[in-house]
């Protein structure tokens, strides 16, 4: 077991809430860029395997309590009817919800394609004291 | 279903064997760079979920018949005893076997860390006419 | 030009400081996972080209004011003396400083390998009201 | 300098041409998945910096003689008129040409979006004995 205190590296006037939103930002940025370009088909089993793989991976990161990734099957084109008939994951094709707890602060944040912004928005849905 | 013939884009003097080794090279390069940097812990369930996720994904690519990915548990440091106690996947920590069939040619290729080369070698183990 | 207000998606009790630390967390997570596994040699020109490429890329993201990436030449093994003699970027081999401004809040954050933690720490060095 | 012979790991009945097409396949797969999801704007300087960064990186890989990457400016939406106004690289927005030499064999291969296939095709344009 590592013995550490990473907190000494942080600006001392940072609140726990500020630290918690920083931590969850890291996770969303990581998840998004790990999954971009990953090959996928519309097959339910393929989708679920990829979802579970990235959920397990991001759950290893600091302060993560849960990760829920949805690859949006109706946005995936390609069911392997031919060799080239498959798709790639990008920001239009996923929804994710990540929950972290840093000290007494719990944060829930999301990645979601917002059609009117034409943008895969990362946003904080809830922040609360436990 | 897409109607296509991608073969017209290829050099006309390319043999089926040459095309098949090209195709499997693409898959190894893709798998390797998709998985590099992915967070992981030594937990068996985490490892298996990530393995299955990437196996499902690479299996979507053209001409792939099977993908077997092993994340080498004994090379993974970090069992989440603390928040920072986890690891990242790189070429020293995986073994992969990919099989493709292009027309009548079957190719089996691997990614494996070769200690004496200090290198995550991608190599063709077998090529045969079906 | 897109007309948008992404702020409506965020929890309404989020302060500008909390939002700013969230935004910079995203950028560090993105940079880190984009650059993990990228091939590199110890050649100064190669290193500088890769640094500038990722600096330019991350600078496109929302609220980023500056990005400085250093690939640590003395940590890079491989000068292409043979075909296999090159390296890959990972968290031990980089330093990065990112500055963002969200409304009146300026945040400076870093990615740096901390030897005693054996960890590529992402941390907020400074947060201030402009 | 590393002393090595990686060839012993390869199937002994592999021709130099087959090995060469394998090697260039790896490079295309690597380049494609390294660059997928990379943030970009339509600014010429940003585009050129990213192009040069990945050209330098892929040039480190075994047997590579040259790499030319074009990010297609007219396909990139977003000139940073607002914070969210930028784009991400994917297979529709690039052209790449990679040349390798393995022993006496030279291979030129490309990545190019083929509109009628709706696919970012990787293909071998030329293979020749030097």
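The letters A, B, C and D name the chains in turn, as written, and every chain counts its residues from 1.
Rule of thumb we're sticking to: a contact is a pair of C-beta atoms (placed from the backbone, for glycine too) under 8 Å apart; a residue touches a chain by one contact, two chains touch by 3 or more.
None of the values given here were measured: they were computed from a predicted structure.
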Interface residue identity across copies chain C, chain D - same or different by half: same
Relative to chain D, which chain has the most distant C-alpha mean position? A
For the pair chain A and chain C, the C-alpha centroid-to-centroid distance in angstrom is 18
Inter-chain centre distance, chain C versus chain D - centres from mean C-alpha coordinates, in Å: 24
Distance from chain D to chain A - Cα centre to Cα centre, in angstrom: 28
Set of chain D residues in contact with two or more other chains: 2, 4, 6, 30, 32-34, 37, 84, 117, 119
Which category does the touching pattern between chains fall into here: line, ring, star, complete, or other? complete
Quick one: in the complex, what on chain D touches chain B? 2, 4, 6, 9-11, 13-15, 17-19, 21-34, 109, 114, 116-119, 121-127
In their complex, what parts of chain B are in touch with chain C? 32-33, 36-37, 84, 88, 90-91, 117, 119
Using the touch rule from the top, collect the residues of chain D that touch chain C in their complex. 1-2, 4, 6, 30, 34, 37-41, 45-46, 49-63, 78, 80-87
